[in-house]
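Chains: A, B, C, D and E, in written order; residue numbering restarts at 1 for each.
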Amino acid sequence: QEPLKELGKGEGQLSIVAWPGYIERGETDKNYDWVTEFEKKTGCKVSVKTAATSDEMVALMNEGGFDLVTASGDASLRLVAGKRVQPINTALIPSWKTIDERMQNAPWHTANDVHYGTPYVWGPNVLMYNTEAFKGQPPKSWNVVFEEMTLPDGKSNKGRIQAYDGPIHVADAANYLMAHKPELGIKDPYELNEDQYKAALDLLRVQRTLVGRYWHDAMIQIDDFKNEGVVASGSWPFQVNLMQAEKQPISSIIPEEGVTGWADTTMLHAESEHPNCAYMWMEHTLSPKVQGDVSAWFGANPSVGAACKGNELLTDQGCATNGYNDFDKVKFWKTPVAKCASQSECVPYHRWVSDYIGVIGGR
Amino acid sequence: MRSEKTNRAPLGLKIAAAAGLAFMHLPILLIFLYAFTTEEKTYQFPPPGLTTQWFAVAWNRPDVWAALTLSVKVAAIATAAALVLGTLCAAAVSQTRFFGRETVSLLVILPIALPGIITGIALRSAFSMADIPFSFWTIVLGHATFCIVVVYNNAVARFRRISGSLIEASLDLGADGFQTFRYVILPNIGTALLAGGMLAFALSFDEVIVTTFTAGQQSTLPIWMLEELIRPRQRPVTNVVAMIVVIVTFLPILGAYYLTRDGDQIAGAGK
Amino acid sequence: MTTAVLFDNVSRHFGAVRAVDRVNLSITEGEFFAMLGPSGSGKTTCLRLMAGFEQPSAGHIEIFGETAEGVPPYRRSVNTVFQDYALFPHLSILDNVAYGLMVKGIGREERRKAAGDALAMVKLPGYGARRPGQLSGGQRQRVALARALVNKPKVLLLDEPLGALDLKLREQMQEELKSLQKSLGITFVFVTHDQGEALSMADRIAVFNEGRIQQLGRPEDVYNRPKTRFVADFVGSSNVLSSKLCQKLGLTASYASLRPEAVAIAPASDGALSLSGTVAGRSFLGATNRIVVDVEGSRIAVASPAAQAVPEIGSPVTLSFATRDLHPMEDA
Amino acid sequence: MTTAVLFDNVSRHFGAVRAVDRVNLSITEGEFFAMLGPSGSGKTTCLRLMAGFEQPSAGHIEIFGETAEGVPPYRRSVNTVFQDYALFPHLSILDNVAYGLMVKGIGREERRKAAGDALAMVKLPGYGARRPGQLSGGQRQRVALARALVNKPKVLLLDEPLGALDLKLREQMQEELKSLQKSLGITFVFVTHDQGEALSMADRIAVFNEGRIQQLGRPEDVYNRPKTRFVADFVGSSNVLSSKLCQKLGLTASYASLRPEAVAIAPASDGALSLSGTVAGRSFLGATNRIVVDVEGSRIAVASPAAQAVPEIGSPVTLSFATRDLHPMEDA
Amino acid sequence: MTVVAESLVLPERRSTAGRLSDFFWRHPRVLLTVLLGPPLLWLGIVYLGSLFALLLQSFFSIDEFSGLINYEFTLATYRQLLSEANLDIILRTVAMAALVTLVSAFIAFPIAYYAARYARGKWKALFYLAVMLPLWSSYLVKVYAWKLILAKEGILTWVFEKLNLIWLLDAWLALPIVGGNSLSVSYTGTFIVFVYVWMPFMILPVQAALERVPANLIEASSDLGGTPAQTFRHVLFPLALPGIVAGSIFTFSLTLGDYIIPQIIGSSRLFIGQAVYAQQGTAGNIPLAAAFTVVPIVIMGAYLWMAKRMGAFDAL
């Protein structure tokens, strides 16, 4: 498919599949609004469909009817392979050149030197915890969510932790094993041979005994921290920010094992009906203002360096707090494939999917 | 039944029935209670304070009105379609004899006896195969499919009660088929159709699962509620809406009861 | 004399069931015609063939000389009084009666007047505003009658119209129906399984069994001279003398009928026949005592006037009767 | 002679309705006792009081000398044959009949045997495996009977058990019931609104009207010597002579009854009374002709033997009857 | 009395309706077709057609990487359906549905029985309303109300605390399988909410069946010596059974397919509805989703067949 040659008039409409919290029009907090102005400026009316997991995003895009998707690394190449998204003409996006160099040619949206979208924001999967349960002794390791232990408040962590309800969470277990079982020889948490994979699943089976309910939806996780006595879980900075704003005793850290993370790309559907509006939106999202606002709201890092300075909501320390400088420590989500780079044969994603359902089901 | 006036229910039965009813209703009272709470972000128990402000807030929220209007429209049209199809089917099954008559009742029951998710997915994939875009009409189609059975059940039960000789009497007295329908059949099944229609409306009005699969971007009241419950802005507004729906539907339910009371029970109601 | 209804070899089969089987009959205009027979013998089916609710499987039906097949019920000037009355529950009594006129397009005032007159004729003036549910069985029956009669049908079909009524009420209605038929001169075809009813009301009776007419004739003929065993058994409580007894009495027929009231408990006088047996049962019927006598294994019932002494059970008695009261019968 | 059932001034009121009103009766063990009366006269309610489904509002009931109040139906050795049989549709015929034994804890084999015997007694051997829906009305009635009798009740209550049956079947069942009662010696309390049935079957009859007993006595007494106008009217088709006619005949009573079969159409012979009038109607009843004569505005029915000639309608006739056939009555 | 028919056959009506009526009378098959056509077209063609199309999809497979459907006949999807993890899901769901149905019948029966046999006049209307109102209140709002009740820091805990019964709750939650960290993340919680939401669907059919039991059968049983308990066991219950079966069609099927309740109240172990939803929506694996739907279809098919034989459809 050939990318768009030149920009025309807006079609008046734009529909986007996005992670919750990615596209705000001031309904939750009126300070966070990067849609209203865009609509006024371009006449493109934005509608958003949120998706809680990457798989859901892929499914929605396969089904069609959307223009854009904010795909994470574990979804983006699948979309490219499935020809669900089209290459973009960077020349039609004036702000392309302002993009952080680390992101400009990132492998999750570039295939054979062709770009399939504009970087949106990126961030780590942090360890969120309840400060009262940890009584001033913040956790240092992911072990609080993988192994049974007594927390500083004197009670066991059993039933009080959560884990992400997506197969990609297997990578978190692999990441933990990378640090704690070096003998397995894991080099990349997304590239696991049978033995490594089995060890990760075993670890997840232990975790199953500790988890009451897996988290699937950011808002429900917030609810569970408030009402279900959950005190620690892998999470997104988004939830941390929201709860802190509500004055909940919540904090987060990047544990010593490092973290997995996401770097998301705004990708254009192969059969988009509103490509002009879509290009306008991509351009819009690359403005330092929007980049800064999204980063502040979601607890993410901008893909445009300029956003780190002078954004009211993000503040000048924002980027540092959200880990802008830890880019290299984050193992970004990507889709596990059989033909992997670090070793001869890896367990492919479809097995992650079915086995993770099995683990949660108690197998 | 004649001596039952003098019979008293055994105490154990009374207690069991009362406990069952309490189980059914206490959570609903809770829903009502939270329509008045002053806390808007979480459902704190007991509520920190009580207020009636949410009624005004709900009244002024355009999204509430949009969802409500859509739901009413969908339910109304689905009910109308179910009324026509259900009545035709009931008339055919109860007034004539044909091969496969038994199968028809099975076919009519199927969309409600199969879990909604199956109906939903089946229709959804059929729509996308036939390249029908999701719209208001795809929702209506999905709803009408499982509403037919309620109308059908009510109508069949009533047809069974109209003695066959009533229709023959009309023909005998010189009324042709259409006159007989107009002057005898319709007046006699009217209340049953009304009751069936109301139940169909209620079913459609509260259907989430089938709607989830047959709606595009439209948001009916239950879809709106799902969104609100997962991503709350002003939580009590959802309760206000739920409460008002219950209260507003109170009278029609009572009406349906009195309309069909001395006839067949409105059995299988509200499926 | 015009023929009102003609059945020419009419059959109506439902699958394997021969509900009506090669029936021939011709009902004369103005006649009170009764169809008598046990349950399932095809009476209702015959009536429905006349009304047009059923079509014959074979044979031909004429009503007043015109072919009836293919004419829908609503275009036949034949009306029916249904067994369960089939009053329209949603209409007032007056509107029920006016229904036939309404669907013919008669104006409101005119049809209400006609309906009022019809109600007066069945002695229910002033009941017009009620609903069918507010009337007693006998009253409903009369409304059904008025509803049919207001259309001035040429033939009125009545399917056991008195079946649901109390004995007392039934007797009263029998008289009323009979006199109404006389005064209107309409042809009545009346279905019943009550022999008394048929005997007392009809000009002619057709006795049905298993879809066929067993005997067709005046009540006296049917009662006194049953043609078949079945008729003897079913109409009145005639005794059927077995071939053994017939032989003993020197008859050639293999069966004969003998009415209980034709038998006396007394030694035979000149020219009378006699049989002897023992009393097996007796019951008081008001006007008569019914005494059952065992004669060589056959039971013969005797209707003995109440005034006469009743012999004890077990006592031997002699029965006597005139030769002319014995009616030889076909075997069927 | 033991008293099986005793009603001492028993009343049962439903709100304003006096279903049973100060009834006294005493039923003797082994008796065939009939309760006769029009619809709504309280017969069923009396039966339900005996069975224990109703409790008296006032008065006292004893069954075999024991107080019945407060004893639930399932602890009374009284069984009922319900009008519509009330067979359990989900049980086989055998299990229906064995039901009473099962709930008493009788073992499976034993109760099946007893039930089989009971079915044989009512002439339904081999029907045990069927369902009630597969039987005809008369067969169901017999199953209901067997189901009650298998429990060996001391009193059997029967609520219009023959009401739903065909005339023919009814007559047959009447005989069977009667002989069964004789052979078992059980007390039968039998409700009916058919006077013929009551007269032919019962040892004694209680005639009910509006919750009260109008007359209690042997069938002959009730039929021949009705105590009240109501009884005369209801039992048999007695003529009730108005006070005007009574006066004319020189009687002191204000009403008198006169049975149709006691009247002859003939000039009065010695010592007989006579009245003259005109023939108003006539109908053939099989054994007799019923001739209705108008006498100064009152109608008097005459049962004239079928053999006798029937006068034309409108012709003047003279009626004659014996003085002893006139029964003076109470006004009620 | 003005209309006198001159001949047997009244004049033919000239109106279209009259002629059409005659036509239908002479050709009843055509009338039947007109009556049955539209509903059969809808249900038989559109609905059944969709179902078959869906089932057809279960014989395709999905490309694991791109998530696109591979339109070639294969039984691979069924092999996948029969994996241990998926069998767990099926078993778990069927067991839950059966239990929910059983307990719903248990709770519904006394209510239906009281309403059918004892409630009269105003009380009867009140009972009817009391049964209908929960049916008319939003399913979602009810489920969320239960989330509040069952949460670890929810109303039930609060009540148990006030009653000093918290040990009882803890003891229950300590049980294997039915227990968990809190009611809202345990099978117990899922079960309670299922029963709560679907039980009302059981009451009306049972009530209808009970109302059809003639009163004199109860009296006959009593007359024959049956105590009230025996009468219930041998007469009332067997005769109400078709109603229970009719009601259970709903409790069973609705439990079988629900994905919202176990998602909100539960332990993240999937139920069939969730699996279908996840495979269809989240994973975009339509073939596997279709294969999953075969399970409820087969179960409900067998169930309906049995129910029909029991005469339960008359009680619907």
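By definition in this document, contacts are C-beta pairs under 8 Å (C-beta built on N, C-alpha and C of every residue); 3 or more make two chains touch, one makes a residue touch a chain.
Being a predicted model, the structure only gives us computed values, none of them experimental.
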item: Chain pair with the greatest number of C-beta contact pairs; value: B-E
item: From subunit D, the most remote chain by mean C-alpha position; value: A
item: Of all other chains, the one whose Cα centre sits farthest from subunit C; value: A
item: Interchain centroid distance [CA atoms averaged], subunit A/subunit E, Å; value: 39
item: Averaged-CA centre spacing for the pair subunit E and subunit B, given as whole angstrom; value: 14
item: Mean-CA-position distance for subunit D and subunit A (Å); value: 91
item: Subunit B-subunit D separation of Cα centroids, rounded to whole Å; value: 54
item: Contacts with two or more other chains, residues of subunit E listed in rising order; value: 10, 21-22, 25, 148, 154, 219, 280
item: Touching two or more other chains - residues of subunit C; value: 72, 74-75, 78, 104, 151
item: Junction residues of subunit B, two or more chains touched; value: 3, 5, 174, 176, 179
item: Interfacial residue positions of subunit E with respect to subunit D in the complex; value: 214, 216-217, 219-227, 230, 234-235, 238-239
item: Residue ranges of subunit C touching subunit E (in the complex, touch as defined); value: 63-64, 66, 68, 70-72, 74-78, 101, 104, 106, 110, 114, 117-118, 150-154
item: Of all residues in subunit D, those that touch subunit E in their complex; value: 51-53, 72-75, 78-80, 82, 84, 86-90, 99-100, 102-104, 147-148, 151
item: Residue ranges of subunit D in contact with subunit C within the complex; value: 38-39, 166-168, 171, 175, 178-179, 193-196, 199-201, 219-220, 223-224, 234-237, 259-261, 281, 283-288, 290, 303, 305-306
item: Residues of subunit B touching subunit E in the complex; value: 1-5, 7-10, 13-14, 16-17, 20-21, 23-25, 27-28, 30-31, 34, 43, 45-46, 84-86, 88-89, 91-92, 96, 98, 102, 104-119, 121-123, 125-126, 129, 141, 144-145, 148, 153, 174, 176-179, 202, 206, 208-209, 221-222, 225-226, 229, 238-239, 242, 245-246, 249-250, 253-254, 257-258, 261, 264-271
